[in-house]
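Next come two complexes built around subunit A: one with subunit B, the other with subunit C.
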Partner chain A sequence: MSSRLLASPEFGKRPPVRFVQLGRLAFRVNIRVLLLIGISALALVALAAWALTLGSFRLPLADVLGALTGSGTDDANFIVLDLRLPRVLVALMIGPMLAMSGAIFQGLVRNPLVSPDIIGINAGAALFAVFWIVTGRSLQWLPIVAFIGAVVAAMSIYILSWQGNISAARLILVGIGMNAVFSAGTSLLIIRADINDASRAVLWQAGSVYASTWSDVRVLLTTLIILVPSGIGLMWALRVVQLGDMTARSVGMPLERTRLALILVGCGFSAVAVSIAGPIGFVALMIPHLARMIAGPIGGGVLVFAGILGALLVLGSDMIGQHALPVTLPVGVITAALGAPYFLFLLYRMNTQL
Partner chain B sequence: MAVAETDARSAWLGAMPRVTKMAALLLLTGLLLVMCLVSLRVGSIGITNDDALNAIFDYSPESYEQTVVRSLRLPRTVIGMGVGAALAVAGAAMQAATRNPLAGPSILGVNSGAAFGVVTAVFFAQITDPLYFVWFAFAGGLATSALVYGIGSVGPGGASPVKLALAGVIVSALLGSWLTALLLLDQQTLDVVRFWLVGSLAGRDLDVFYNVLPFFAIGIVGTMLIGHQLNILSMGEDTARSLGMQTGRMRLLVAVLVVLLAGASVAVAGPIGFVGLAVPHMVRSLSGPDYRWVLAYSLVVGPLLLLSADVAGRIVAKPSEVQVGIITAVVGAPFLIAIARRRRIAEL
Partner chain C sequence: MTRLQAENVTLAYSNNVAVVEELSLAIADGGVTSIIGPNGCGKSTLLRALARLMTPRGGTVILDGEAIHSQPTKEVAKRLCLMPQQPDAPESITVEDLTRRGRYPHQSMLQPPTRKDQIAIERALTLTNMVELRDRSVDELSGGQRQRAWISMALAQDTPLLLLDEPTTYLDIAHQQEVLELVEKLNQEDERTIVLVLHDINNAAQVSDRVVAMRAGKIIGEGSARAVLTPERLEEVFGVPCDTVLDPDSHRLISIPRSRIDTARKLPANPIGPPLTAEKLSSGYGKQRIVTEVDLAVPKGQITAIVGPNACGKSTLLRTFARLLAPMDGVAYLDEQPVQVGPHRDLAKRLTVLAQGAVSPAGVLVEDLVAVGRYPYQRWWRQWSDADQQVVDEAIDATGIDNLRWRPIETLSGGQRQRVWLALALAQETGTLLLDEPTTFLDIAHQIEVLDLVWELNRSEGRTVVMVLHDLGQASRYADFIVAMKDGRVVAAGTPEEVITERLVADVFSVRSKIGRDPQTGSPLVLPTRNQPVAVPAG
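The block that comes next holds the complex of A and B.
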């Protein structure tokens, strides 16, 4: 165990860090992470631009840029601004939210196999959201309702797996059980519902960014603006929590309050993403691990990097599902096809620890 | 301390006299018969005892009630008995052979593999007759359980319960998303398998059941016969070997029997989860740790649970009904949670 710990990047080498002073604030900047963020952001912009040109009516890049800068033709304006841009933006924001949520939960339990889609948090959000949809209530409140569902799920899983401490293995098993209960509840609601409401719920449940609207974009953007700073702000706390309960307490961390804050932020990310796009699996699981593998232990900068990777994955998967295959598939199917093998690889890699 | 507790408990249970165990088993069998009658009577149309019994023993086709029993209620009751017994026995055998309290057909991916096998067959080979589903269910279930077990047991840690459960969940999720893809691609496939794909006893074809009855029979009888060997296997690899058992061969035999049982169940009723996981745990408090008794009890309690769940599904949503797979998930998943809480993970 100790040799494994020492060999991990966290202890092996010092990251290339530089200190930057801005007036009274001083930052520690990891240049490698900054570079990675820059490169991945560029790739993301390029991918998004490419996504805007693709479709049943192929637009040259110049027309797309024209539409974006307000000097395009009416046709191009309609296709780009009304049809393609909302979808691309939603994909761009769903990815980071799922990835950050996954990073927070994985960090909390100190186990890369714990992610909101496996331990039933997404299923809890989905249960509440489907209840809201099939009872024909205003869709405007859907993100809030999904958030409440996610928090209820997270709390019940946490309480049910609490036995003096939280063991990752127990949490995973309890989570799998709760996942099954919530999913059964969701199926029950869908079967019992009026057919029109039910078909809306089924469509939503497939996990897709199809037919995204500007109002979806607004909801996601608001959430990101609120939650990303809180997430980044809590990253130092997460790293202290990861040192173990004893250490965290002994350095004066209010442990339970910090955990609660982290759970709330993590639930917020995944619940709002789920309420807009439905349960898209494996992003929350795969991306944080990938980001840590490339950029080192999780922290504010790495969290941003994970977010960009998440955006790349969801947007890329949506493009594959929409254009690369002879048929169109929802993005959730593609992310599962990519994510499941990755997960099994993960399971294989860390098999001594469970 | 926990070990001592377990020892004390099993010693107490082991001390329960044979007569008591036998009496409890008979009592449960009686309960099962009552539940069969209830299953014949309860539904959108209420049926009297007389009509239910006459429909079986003294059938008069003019009576509307008796026709309902004969054509709808009787098939689902018979199928529920067979599927419940098969899943419970398969679960018990799996838990013995893998020494894993979380083992069960749904956790190890047999259900989703069988479902995927059937849907693939419908999609690529245009097979529409449920009579042939069973072969593809076998193939899919066998391949998937081998895959899950293989992934879960690589490395020095061996097949730990948590790893197996996770591998099962993930493989099921992957197959589920491919299934969604296939169903989205082709409406015709969706139409053929739509009703089959929800785990349910309603509207199932008795012909399909008769078709897989030999597999049920072979699987159940075979598993009951190796109860003693399962006891030895459940003591662990080293002990079993030192007692002269060829553990590899025995495990293979168990795997074949389990896939026969679970695959045939899925072929008839669609994927129904958690029965195989929950029933052996339910019965252990009565039967004790001896697998010969566990299997005998599972054989009775499995159908009892499945029929009760089916009847409950008909009552809670009257005049419509809730698929039995949903009820078993709601009832069975808490068992998973309870097992995870009750034992130290190292013991799992």
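The block that comes next holds the complex of A and C.
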């Protein structure tokens, strides 16, 4: 039964969609997507457990579970809860945020080439964050500052590419231009800054989940709790936005307001991720495609599925960068090295419509 | 003699499904050959292969006795030129510069333009009547002028063989006549061999020496226009029965596809559709006023067609009624309430518009697309209900797309897709339905199919329907009320019999014509008169 459900839906056949009603909530659920979410979530839990056993001091799984349930030895508790768990959790939450941000922006401008790292939204967040770091201010406000930077970047791109409507080509070109401007600003700040501040900023910019702390976990978790439900809710509208401005208006959608909401949620995801882990490339561009290739057109369920795939990629890449190679590499390097060829292979083989 | 021919060619795109299969065709020198056929029959693909733009999977295209693909592009381009459908112009290129590009195959990199180049450019501009517009930028031109600019570039290439893909689509009746007359002139005075892919069978009848009828990648009829464009053959090609009318002026037979509507059927006594009115309504884009001070009353529960030449403001007026554009002055009313006031969602429960430029994202299933019509009745926390499902099922039944319900939208033909969009509009359960050129891109059978469906939707419950139509004959046949526009103003409004007259067609479209009768419904039929009548072909 489940294997039949997991196969790609047959051409012209009814997909396994069920109508679900829970009190005031009522929606349609695609069982296949739900199943994909379940399986990938299980894989994620298994991968995370494995990640906790790895390190310079290998712990058996039983000790890890002991530490997690509060019955472990002091050593195991220290290694698992203080050193490894924050890093695993951060990697596990950064991935979904980048992937969902990419999915939202790609849907919004109906173009598969868009992602927050390409059109300058991450660069805007980075500029504001680096300014905050080099001026030596309190780091606890960094996520908020980065979010403001991302929104400023998104809004300036939007305004500069607006000509009665948004043409995707124009938006990408303006975005690439803004990306260059923001990156130049960031470089300028780092060059002019005090050497200690500058080195902190450079380290942050490398894009890594190294030295993650429980306060990072708290920030990411809060963001996910707020933004994931809004993201899923907005997918309902995004499905209409994708049919073109004319159709969206003719079914009575307040298009400008919906666009603004989508931009804010997309910026929120990418800005908070960037503020914690620095810019990690490729996840936001690639994972939404992968999710759509496997699970079908974007919707609430597919958004969640993309998130879990993002978590798998970032966590897996971090494990490879940390343990599998003779040298330790930042996660961003691995996501690009691992993801890009696989993505090209998929494009070549599947001949999918983008 | 034949310089250009296809021998057993098989053509396919990247998905390896053959679009054209083992087809052989010899293009007669010095003649006008038209290729006709339903959407997706492979006619444009064949034309691309004839022009060396596509490599056949099997067989050969032969130009002057040699396989076309073994000849260098530039040598081919000196003898043969293709004007593609909807070519892309670089932004703000002038007509003259565009025409100059046609000289490319005759020039080499280091050589300055010669006198011969200049003569060819002047001649191309003169023939297409573009001399006065030569310094204008292409993107400022109207549809008809733009089409002529592209033909001018093709002419400057100065090739004995000229291939034109759908040169009359998007054009109003006056511009169509202009292009067709130009084709005749090029053939008769310049002795060029011309191959056309045409949508409109009556255009094909008007200019062709030979007509090639295609269906599903094969030629199923070939011969003189008289021999091929018979009701029997047309039914075989398009799958729709046709009537014929004799054009008293040219003695040609005009083919009119038959519809399934029952014209005796009366409008419902208590229509659900409200009236639409405009009061001193002006609107446009940016600062440019396209519709100026229109006063109009669209009757409730009837079908209204808006007609007029390209760029007369008919789509703009429709969009203003649909609140897709804000009026610059005046008010548009739906059932005596201004459409501009109140939430968009509320308007979407009363009025829906099928606009041009809808996007069909890949992978979305037909039912999910139709379900979008329920958007105004839903909230993000209440995304679906049994009532929604019932309305969607009804809309799918009414439009006859039940067998397509679980197909991805991109696998549907143009006509099927248009029915899906109509089903989406129906699922909105509105009393008013606005349609912007619902038949563009469709072949005659699909055009009739869509218009019959619109007629049925009106006659069953009395929805108010307003549609922008290109074809005056179709407008007269299906509409109860016709609005004729010119230069942003309404110049006439009334029943088809009142509005569609020789005088009005001359005033509005600048075309001389005779008014005939639709063989099926008796409604007015516009038969354009040529400036130079040609001799009746024998046989």
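Here is the rule we use: the second predicted complex is superposed on the first by the 321 of 354 C-alpha atoms of A that agree within 3 Å, B and C clash if a C-alpha of one lies under 4 Å from a C-alpha of the other, contacts with A are read in each partner's own complex, and residues count from 1 in each chain.
Note that in this section contacts are C-beta pairs under 8 Å (C-beta built on N, C-alpha and C of every residue); 3 or more make two chains touch, one makes a residue touch a chain.
The model shown is predicted, which means the values in this text are computed figures rather than measured ones.
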Touching partner for A:R58 - first (subunit B), second (subunit C), both, neither: neither
Touching partner for A:W236 - first (subunit B), second (subunit C), both, neither: second
Partner chain in contact with A:G296 - subunit B first, subunit C second, else both or neither: second
Touched partner set for A:P330, first subunit B, second subunit C, both or neither: first
Partner chain(s) touched by A:R249 [first = subunit B, second = subunit C, both, neither]: second
Subunit B/subunit C common contact set on subunit A: 351-354
Subunit C residues touching subunit A - in the complex, by the definition given at the top: 14-15, 285-286, 322-324, 343-349, 352-365, 368-369, 372-373, 375-376, 378, 380-386, 389, 405-408, 410-411, 424-425, 428
Complex contact set, residues of subunit A against subunit C: 11-15, 19, 24-28, 110, 164, 233-234, 236-237, 239-240, 242-244, 246-247, 249-254, 292, 296-297, 351-354
Complex contacts: residues of subunit B adjacent to subunit A: 102, 151-152, 154-157, 160-163, 165-167, 169-171, 173-174, 176-178, 180-181, 184-185, 198, 273-274, 317, 320, 322-323, 325-327, 329-330, 332-337, 339-341, 345, 348
Touching residues (chain side subunit A, partner subunit B) in the complex: 113, 118, 160-161, 163, 167, 169-170, 172-174, 176-181, 183-185, 187-188, 191-192, 206, 281-282, 327, 329-330, 332-333, 336-337, 340-341, 343-344, 347-348, 351-354
